[in-house]
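Read the structure below first, then the notes.
Naming follows writing order (A, B, C and D), and every chain is counted from residue 1.
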């Protein structure tokens, strides 16, 4: 049983959900690195991006009322949304010094239409009884701060994204401006989503199609550190305008070792992927947002690799976790999603325990879900991951809510529209949101605040832990 | 939209559902051909039967109240159940002449415990608001009428099952006795389930593991004729005791031809599989029960085969309909069930139209469902087949209800417990019935009497007709 | 290295190779059980047989010179051929008593054309330098001795095949007649091929499509005993006319146990499948012909099954040996043939050792090969099984030759022409025999009498024992 | 039948075959771009290269005598080998002006050990009766001319490889030096191997793991033009020292269009991939070396892409040609190699016809083969592609020889040792070269100068054109 205060809801982001009409300039988010990235010739010709374009998407910018109603109809009490930095500040804020008088100056160059539109969205949420959970950054950066095409080609530029020395303070300006504008209406604040993913796929594992796909281990470390600094500045900035909870959303990965109990590589991997960033921000979070999809299976590297002052001593074993065949099965026998991600709910349980033990902060599951166009596995994913949450809660972990990724289908970055995470199937052409069968299971759970009625049926053996 | 009078429910049978405890003699149905058949050495050693035993099953005999409640909780208003001939008359009725005084004599040798138990079952249904739909014969025959092991080995015997000359009249005795006993409580009567399957798999396509698996085209024809005679006698016999609707349940197959519009083989196949029997009984049915699972794809035989006075001019093409790989895909691209049956809802639509046109009787879908342990396809099967029903109704076909096969998992004849058709997963050991996710979809449909909310999401393209 | 005396050759049989022209009555072998069996309606309609007919086959009856030349061209020095009992005695010999004067009486009813034709075949072999290896019976029985359709249907008949009490003596008549006629020209004699297969698939494992597919464990035992008696009579009968070696050809199976070293079930299986028959004939063989294709993996049966006085305590585990997916891979990782037979050469090595230890007779590998239309594995099968032979010889086992099954493609019983075992691809229509690439490997081995040049390349890991 | 003058042989290259012992500095070819490229951290961490290293290879540098003998033993009369530019000139030749006195100056800085070693290799070929076919450049460039790591990162450098303005003349110096040194012994000269592949995979399709994997359409065009200039200079340079034939080796691709006869995209693709380069060099070739592996299937791009002055109007359709699943099957039903390359011999036939028609020069098939570790398809590849050659010759095309890729397994660039193209399996550790079964087929063909004996057996339907 989940307590009445436990939030059931879904998470969205800006870039992946907002746009829906390529012919309506008022809703296009053109001043952001990803907007440029997904239409670059090099990316297109090499299949680095899908060719799908974000402006043909779910259309939340215009259809937010429908999607809010859908959430309410299916038992949700919270929605997490994103604000797009580049919508608010399409041109540079670098000229405006941080500090006294900054907010007014920012206001003079901010895009007021965007500010007002976001307020309408939030007011509609409030009017329908939904809690407003706002995340300030979800991968995308304004073009004036990040020119990924120049970076990739090694051209001289000061638009280095999170590698730029001034990126943290620029972010803090934006964040404080938003807090100043929306401090009265937002219930939960998050500075950013999955900072480690941005750094890792941008500068280290460069074949995932993330900008700038420029291998540079130093920058991997540096961008992550700048993101931490940005968060810490942001925490204080927001707190100057509201006393609502402020946190960060992080994609945690659980690590299993191929040879059992190989604690040497386990600790090394957990530190690099999870604790390295979180330790840097742990004093500036009121809660921790936990995104969880699957684990990684690792084994020892014969020869460790030096990355600046860090010694990487492991590598990822194919056939488990994120490294399975799309739509196939993991070597563990568990099914893999259409993204090739093993369904592995115990990883969420292990992580909730480990994170809570290390930081002793309230936790919110801010993302969890599956790319599953045909809804073959989604109901079992829901049930088994809530089983993991419940189990952790029964053992004392303070989990405050579960936000599914996502309520409707969305634009999955370099993969475009081929990976469908929605509880509701989305007809992108007609902007229809049709609940998949699993969404009725979500409703049943949210209404009864319980998964007990599902527990005896576990066709994939996902609740045997 | 389905009208309020439209029945939503499920179908069960006796042998496949009743037994649940091998150690309780009171519930064992030992005097029936299938009970012997599934434990025969020849069958076991050659894998002709699964090795699973029916007495470890769902346990409806003892747990009927739980299953009735489950039906009610999930929006059902009707359950079809079976009565086991061999439970009522474990020993031969051949000595008792048909006619005057017969019922009392039958009563003197009937198993009163069984009679009373079936009444308790029906009374419980009534008390929960469920319509009582009774089918008198579902494949199994009493051992005193059918010794399949002797038949298969060519041993002289008068226990030839439906090939016996006196089978029709023996059946009519049993039927009239049941009508006499239960005429007051039953809402819908059916003489028998899928007579053609019994004849076809018993004497013609003998590798399906059905008793007696004895190839004999003459007997195939004869047994089918005897079943028709039995039905006709039964209709009159029941009508002497009640004016409730009496019908027959038939497994209709839709035929598509590999070369388009090959009407020569289409007519030939439709007649042999569907019309041959139905034409013989069409004047003695108040409704027709339509069981539907999938189609058959056929092509022309180079040289027709003579079966008595019939010329078979087609053969079944593998890769479609019933002839797909288990858990794979049909050559049409549609998924196949764990039984290897293509999901093909338009076949139901075509059949409802064709049956109604030929016989102009009310129709009830008395079986439809899928072997789908993991519930990957069941929700889409439900929606798409109800779409077929609705479409036929919109075009004037008089369909009165939809009974899903089945509410819980059951004993699937020669395949044992490996094929799971239940809306509710069944833990055979603990006698737990846990609704699969698709059962919540069933509930939604039954409550709203509509599938409109599901129509836009058709991941397998099943509603494009 | 194989000594100069070591025979390299191939094996053929009568029924599977001789016929080639359905329109030439002079070559049709119509008076045999298999000729009737493969065109029976029950078999055809149920897919028990393939529908292919033996009279469209390789046409050895007419094209023997071409096939003999092919053998010589590719380094063979021996061919094993079969004589068809039903060709020599198309009508019953039962009226002619065994003993004095028998040969002349048999001669008066024998088919002289057939006798002469077989002599021409053998003379052509001799003229080309090929050793004549004759096997007297290969599965098929004259219709006057075996009516499989009557047997299967349980009809009273005295044509019970090997179950008939007089089968052994009838066989001995036939055998002595052949020895009398061909004693001057034959180099190696075998009474029969794979007697256990005939008994096992005829009466015990009845789904393989072998006549009469009539389950009867007693007959399984009895037919095997009669075959042993027939062999023993035959040995003496032949020896009255020649002093050339007389033996029997047996399909040996190697057994591995799922749980290692499970000697209880190992001994039980080895006895039933191998030693039971061989022990009965061991004093009447000058050599033992070893047919080998693959192993069986077995595990313990929870409850042993009584077959007369024998307790069967094991069952075959799927995924190994004969029980793999066609064209797939065994659970051991080794490839499986188009018949679903694991490639497992160590089984041949183990068997040669075990047979030689038990009987201390010269051994000849009389069959070994693979159903491999596309020649993907045949070269490796050749090399690895000859590696097994060489290894056994190096350890003292007296192996005298290796006869591949087969030189050309053939009629594979119930499977028809779909399983192709030929070193030479056979165009059945044009009667062309085109060496597959592996046949050049055979030639290389036969010419050099060595497999050393192939040893370092073992892509499937077949020579790691 | 192939005439006696028709060459049967194999092709090798320097970098992929020479090295074999990482501990012997005398054989390491360290001053080349690929040597650095395959051990770069970015490449290794991202799986852009295999991790295999070229110095653990076939060891031709030391074992050339064994490999030459193998060639002779299996009927070859010609071997194509490569000379490594960076072995001859490990340091820059840029300071030496082209023209008078150049050869002596080059001689003063050339690596004499390498020069002498190559001569020994050629002398051994001659002594065994093998024709010496020398190719001067096969992908690799000296580090002093190409720094791929700097290029990829956009760092300023004058080591731009073929993009450098002086690359053609530097190449011509090297070429003339070699002609001066080896003009007396070489029978066939080729300037370079597959210039288009170097340009295309280096600057346009950058995910194949070829240096520098730096997307730049202008450089794609420019590098190709420089290669053409280099060839033309080289032709004259060589001709100053010998009158033996000089040509170029090109990897031709055949294009099929998804919609039949789409000549618009067909011509566009054929020009870009084949004629663009060849037209530039057609007056300076005595023969054209044709490398052929498979086709590409193309369809029309909705919107053409501008690449400088060229309009690309097509894209490659997956499931055919080079774009199949590794070890799977093409959508045409033909098998695909372990590289995912469809076996498509008619493409070679079409190309030979088209090339000969356009240029009217003698052709030599300088590469053809398959990545096929287990030798499942290689024999059929050999036969069917020689069938294509024979068919073209019968229709008047002047083809002078067939050099298989390759005689032994080799280092397959970014794929390392996982793709095995050898007629002889190579045990890289022990430097053993063991003929695969298909090599016996090669020998049979080379000895009989005919493929007629194989024609009737075409299990994959590769000779139906």
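Just so it is clear, a contact is a pair of C-beta atoms (placed from the backbone, for glycine too) under 8 Å apart; a residue touches a chain by one contact, two chains touch by 3 or more.
Since we're looking at a predicted model, the values are computed, not measured.
Asker: Using the touch definition from the top, list the chains contacting both chain B and chain C.
Answerer: Touching chain B and chain C alike: no chains returned.
Asker: Where the centres are mean C-alpha positions, what is the separation of chain A from chain C, in Å?
Answerer: 67
Asker: Averaging only over C-alpha atoms, locate the centres of chain A and chain D and give their separation in whole Å.
Answerer: 47
Asker: Just curious, how far off is chain B from chain A if you go by their C-alpha centres, in Å?
Answerer: 51
Asker: Hey, what residues on chain A touch two or more of the other chains?
Answerer: As it turns out, chain A has no residue touching two or more other chains.
Asker: For this structure, give each pair of chains that are touching.
Answerer: The list of touching pairs comes to A-B, A-D, B-C, C-D.
Asker: Would you mind writing out the residues of chain B in touch with chain A in their complex?
Answerer: By the definition above, chain B touches chain A via 373-377, 379-380, 425, 427, 430, 432, 434-438, 440-441, 444, 453-457, 459-460.
Asker: Considering the complex alone, what residue numbers of chain C touch chain B?
Answerer: Chain C reaches chain B through residues 41-42, 45-48, 152-155, 204-207, 214-215, 217, 305.
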